[in-house]
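Next come two complexes built around chain A: one with chain B, the other with chain C.
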Partner chain A sequence: MKTFKIGGVHPPEYKISEKQPIEVLSLPETVSIPLAQHLGVPAVPVVKKGDKVKTGQLIAKGEAFISANIHSSATGTVSKIDDVIDDSGYRKKAVIIKVENEQWEDGIDTSDNLIKECNLTQEDIVNKVNQMGIVGMGGATFPSHVKLQVPKGKKAEYLLINGVECEPYLTSDHRLMLEKSHELMVGITIQMKALGVDKAIIGVENNKPDALEKLSKLAKEFKGITVEPLKVKYPQGAEKQLIKALVNREVPSGKLPIEVGCVVHNVGTSFAVYEAVQKNKPLIERVVTVTGSNVKKPSNFLTRIGTPVISLIEASGGLLPNTGKVISGGPMMGKALNDLNVPVTKGTSGILVISDYEAQRVSLQNCIRCAKCVTICPMALEPYLLALISDKQRYEEAEENQIMDCMECGSCHYICPSGRPLLDQIRVGKANVGKMIRERN
Partner chain B sequence: MSLLTVSGSPHLHADNSVRKIMYGVLISLIPATLVSFYFFGLGAIIVTLTAVVSCVVFEFLMQKYLVKGPVTIFDGSAIITGVLLAFNVPSNLPLWIMVVGSFVAIGMGKMTFGGLGKNPFNPALVGRGFMMISFPVQMTTWPKPIPMNTQLTDVVTGPTALGVVKDGVGRGEKVSELLPQVPEYTDLFIGNMGGSIGEVSAIALILGGLYMLLRKIITWHIPVSYIATVFVFTGIMWLINPEVYIDPVFHIITGGLMLGAIYMATDMVTSPMTPAGMLIFGVGCGVLTVVIRLFGAYPEGVSFAILIMNAFVPLIDRGFKPKRFGEEVKNG
Partner chain C sequence: MNEVVLYSVLSIGGLGTLAAIILYIVAQRFKVIEDPRIDEVEEILPAANCGGCGLAGCRNFAERVVKAGTLEGFNCPPGGQDTMSEVAKVLGLEVEEQEPMVAVVRCSGSVQLAPPKTKFEGLNTCAFAHSLYSGQSGCPYGCLGEGDCVVSCAFDAMYMDENTRLPVVIEENCVACEACVKACPRDIIEMRKKGKKSRRIFVSCINREKGGVARKNCKVACIGCGRCVKECKFEAITLENNLAYIDFNKCTLCRKCPPVCPTGAIHELNFPARKPKQKKEDKSAEA
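Let's look at the complex of A and B:
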């Protein structure tokens, strides 16, 4: 079975919510929709305080090349445009809407009818995806329309669809693949058309046999789409590792996947593309897994963007008393939250609630040079060295040792028997090396 | 609900710790320990216990009264140093020498550099090197193996198999004349020969090594490159002149090679971090071992070879980087 070659770890999978069908989460009283839910420039609001908005209405425009439109996820009145704390822990501008009775924006098909045919041109598809504010839903939230345009002089050969979901606990992509398989396939054909490729491969780790079976069967009806089971290994969902696993090509350091003829999209993104192109529906909701040892009922919710995290936790039975940490995303790369009113955004794949015991870090000891971190680093870096020289502020040396290639997957920190906070130190080093590089240019 | 913890990712930690690794190494040492106790009897047990207790006590005292830092004697590393140090000495070594050796191993080999993880040289080998130089007679008087021996005195002593050959060749005798004076190869392989406590049984050491490989405590790179280098180098010399240089199989199953290649050279703290570096390190150890064995003053060169290569580890780490992801573009 295929997988990437260099490094990787296999943490316990904890997919405790994998059997829970996607439930629609009811709307909260207010939604807070951040203007920066994507990589790039924040969107510029086109509504003001007191405006009435419908569900699906454009409320902020992505004006820069790398930016994305934002739509209202509810019907109601804009109560203010103000700072809210998002999952980064910083205050960011958001449109806050008081929710009233739902009324959808005209032209949006909210039915469940499957529409297979798509007669739009490449350009129309890209425009539609741009209009509807679609971003990468695996977590990086890179605006999708940018990725669907192949740069001049480059050629796309493969569309790779990421259904790996290698983070422990998370099951949102798994449920989506099971419950929206047809829509997903149509979404993929639309993306293939936009890119002008005739081959698409869906990569799914073999801890999801039901999804693999269902998609493999369905793929026979769609020309050019194949499904590839992958050996369970973290971080297989990382773009470069997925490309390596599926087509055995290595994206050079600092380059994009298109360099090796590949474009990678998450299954969630493909589904969002389907809804945008076929149903005219902007990205205003997503599947969010609520999971962990400290939620009573692990669940998968179809959640409107802007819903506070606490609403999801309450819908899963509330917080248990010994809760130690609430994480937006998975346990390997997710962000710990300091406030439970943080809104769900386009990139929120899960909410993980763990006990204070699990939240403790293991005790710190000297590095015993066991070389585990070097062995498991999927980028073949030397985490112990990068951490050490970052700590000593030897940033030139860190740059020479390719610190900027670190994608912060956390495998080194996870595996370290001495409990050394390798990634914490490397992050500081990366921030400073990044600053150094920007100043030089 | 109390305050939420906020920290950088990852929020999950592998079920892995220094203590687990160290106790894993100790478990892997069980076969070799049992074989030595069988062949060298009560003497081996007493010397090993003395070394372990001394190492742990010296580490405790130094951490508590000199470093005044946390006491980490329960992480198992001092026990390993004790066992490995005892493995490197004859079973009739006077106990006071064992205690002095343990003091040097823990003090000079480990604690003076800042404790576990900071020492550039393998502590057990530092201790052995010191004893070898200071007490050469006691350190090279090896009892002959007597299964289940409970007597402590009056045991028959003699040189090791390597010593017999080295001395004989030095006197101008032919290898074919010397061979009848050393034990059969099968005896050499299972450990029925004179030598230091833990070095004699190749099979038991290999078993322990396989266990460590399985538990992912060590990788294959150092032991394989080390033993292969010794085999190839001595093999070439043997082909050149089999009457002066004994065959390569003899070289890899006698002396401290197995113990050195599997346990001493693979010490995490004092070996390189990258696979390429480990291979170079193993080859270096192998070459130096053979050079000392064939052309040096001592019949055995394993411990000095490893100590010398330990000193090169920082340079090896600098020179041999992993081949980074995406370094060479391969398509298809």
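Let's look at the complex of A and C:
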């Protein structure tokens, strides 16, 4: 079975919510929609205090090339445009809407009918994706319309669809592949058309046999789409690792996947593209897994953007008393939240609630030079060295040792028997090396 | 036999002479003329190589200052005024009187006044904590309490207070090298004029959030009410982005502003204790 060659770990899977069908979460009283939900320049608001907005109406425009539009996820009145704490732990600008009776913006098809035919041109598809504010739903939230435009002089050969979901606990992509498989396939066909490729491969880890079976059966009806089972290994869902696993090509350091003729999209993104192009529906909701040992009923919710995290937790039974940590995302790369009113954004794939005991770090010991971190680093770096030289502030040396190639997957931190904060130190180093490089240019 | 000795002596001697001539020519040709004053200046400098001047060590400082021929833009913080006037003497220059500076920590959000709401278990450095979130108290501007500034101080002029979890500056040791200013990821530490008898008045807060938000996290935050601005007769206080700032060049240390601050964010240091409205006694106390 295919997988990537260098490094990787296999943390316990804990996919406890994989049998829970997607439920629609009711709207909260207010939604706060952050203006920076994507990588790049924050969107500029086009509504003001007191404005009435409908569900799906444009409320902020992404004006730069790498930016994305933001739409209202509810009908109501804009009560203010103010700073709210988002998952970065800092206050950022957001549009706060008081929710009233639902009324959709004109032209949006809210029915469940499957529309297979798409007669738009490449340019029209990209424009539509741009208008509807689609971003990468795997977590990095890179604006999708940028990825769907192949730069001049480059040629895309493969569209790779990421259905790996290698993070433990998370099941939102798994449920999406099972329940929206037809829509997903149409979405992939549209993306293939936009890129001008005739081959698409969906990579799915083989711990999701039901999704694999369903998609493989369905793929026969669609031209050019194949489904590839992958060996379970973290971080297979990372772009470069997925390319290595599926088509055995290596993306050069500091380059984009298009360099080797590949474009990678998440299954969530493909579904969002389907809804945007075929149904005129902007990205205003996503599937969020609420899971962990301290949740009474692990669930998958179809959640409107801007819903506070606390409503999701309450909908799945509320917080247990010995809760230690609430994490946005998975246990490996997620971010611990310091406030439960943080809104769900386009990049929130899951909410993980763990106990005091699980949240504790292993006690810190000296490095015993076992080199486990070197063995498992999927980018073939030397984490112990990078951590050490970052700590000693030898940033030039860190740059020479390719610290910028680190994608912060956390495998080194996970595997270290001495519980050393390798990733913490590398992150500080990366930030400083990045600053150094920016100053030099 | 004699011939062998003669030839060897002659050939080795000849080679030696040739080498000596070449070496002499090369030495003359590539002679580095170094200003002897560089060594003299280096002698005077404290040899701490702290980098407080912004240059790579004391030798580098000496080279630059001799080459520039002026003292403008050069300052040796650990050496202070005395060292700079000696350097000036070597170079035949006059040194401008510079006010001594001292590091000031502009945050009073102690564990008691800005209680922690979360627990932080990651790498114990401020740089990392700052990159992750707004801090244990929730104030995105306040001290993170991990002590990067204390680690950066090469003169034992700072320590972490165990009770408050805030850094404290030991004035006598502080040489204003600005290492802590650079180490703090939140720009909390500022270099301020040391002032007469080391007396200083400053706003001990840099929170630019709206008053209500700031107050929620910290009892002693500046809420930007502007009462100190009205009170100040010397236009030393400015209010920008919900935060008051006292310009130490304009401040006359009149002590009018600290009592009007509703949150007690304005601190006064090294003043005699206030005696309630008895001017005569106040004067005697000062004397």
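The rule is simple: the second predicted complex is superposed on the first by the 441 of 441 C-alpha atoms of A that agree within 3 Å, B and C clash if a C-alpha of one lies under 4 Å from a C-alpha of the other, contacts with A are read in each partner's own complex, and residues count from 1 in each chain.
Assume a contact is a pair of C-beta atoms (placed from the backbone, for glycine too) under 8 Å apart; a residue touches a chain by one contact, two chains touch by 3 or more.
Everything quoted here is computed from the prediction, not taken from an experiment.
In the overlay built on the shared chain, the residue A:Q278 is in contact with neither chain B nor chain C. When the two structures are aligned on the shared chain, A:N338 is found in touch with chain B and with chain C.
By the touch criterion defined above, A:R361 lies against chain B and chain C together after alignment on the C-alpha atoms of chain A.
Contact with neither chain B nor chain C is seen for A:S144 once the two complexes are overlaid on the shared chain.
In the superposed pair of complexes, A:P421 makes contact with chain B and with chain C alike.
Of the two partner chains, neither chain B nor chain C is touched by A:N130.
Judged by the touch definition given at the top, the superposed model places A:Q402 against chain B, while chain C stays out of reach.
Applying the stated contact rule after C-alpha superposition, one finds that A:Y90 touches chain C and leaves chain B untouched. Annotation: chain A residues 89, 335-336, 338, 359, 361, 421, 424, 427 touch chain B in one complex and chain C in the other. Contact residues of chain B toward chain A in the complex are 1-2, 4-14, 16-18, 20-21, 72, 75, 114-118, 219, 268-274, 317, 321-332. Within the complex, the chain C residues that touch chain A are 117-118, 121-123, 125, 127-128, 131-134, 138, 140, 209, 213. Interface residues of chain A facing chain C in the complex, by the touch rule stated above, are 83, 85, 88-91, 335-336, 338-339, 359-361, 421, 424-425, 427-428, 431. Residues 6, 9, 11, 89, 168, 240, 244, 248-253, 255, 260, 319, 321, 323-327, 329, 331-338, 352, 354, 356, 358-359, 361-362, 365-372, 374-375, 377-382, 384-385, 401-402, 405, 408, 410-411, 413-419, 421, 423-424, 427 of chain A are the ones that touch chain B when the two sit in their complex.
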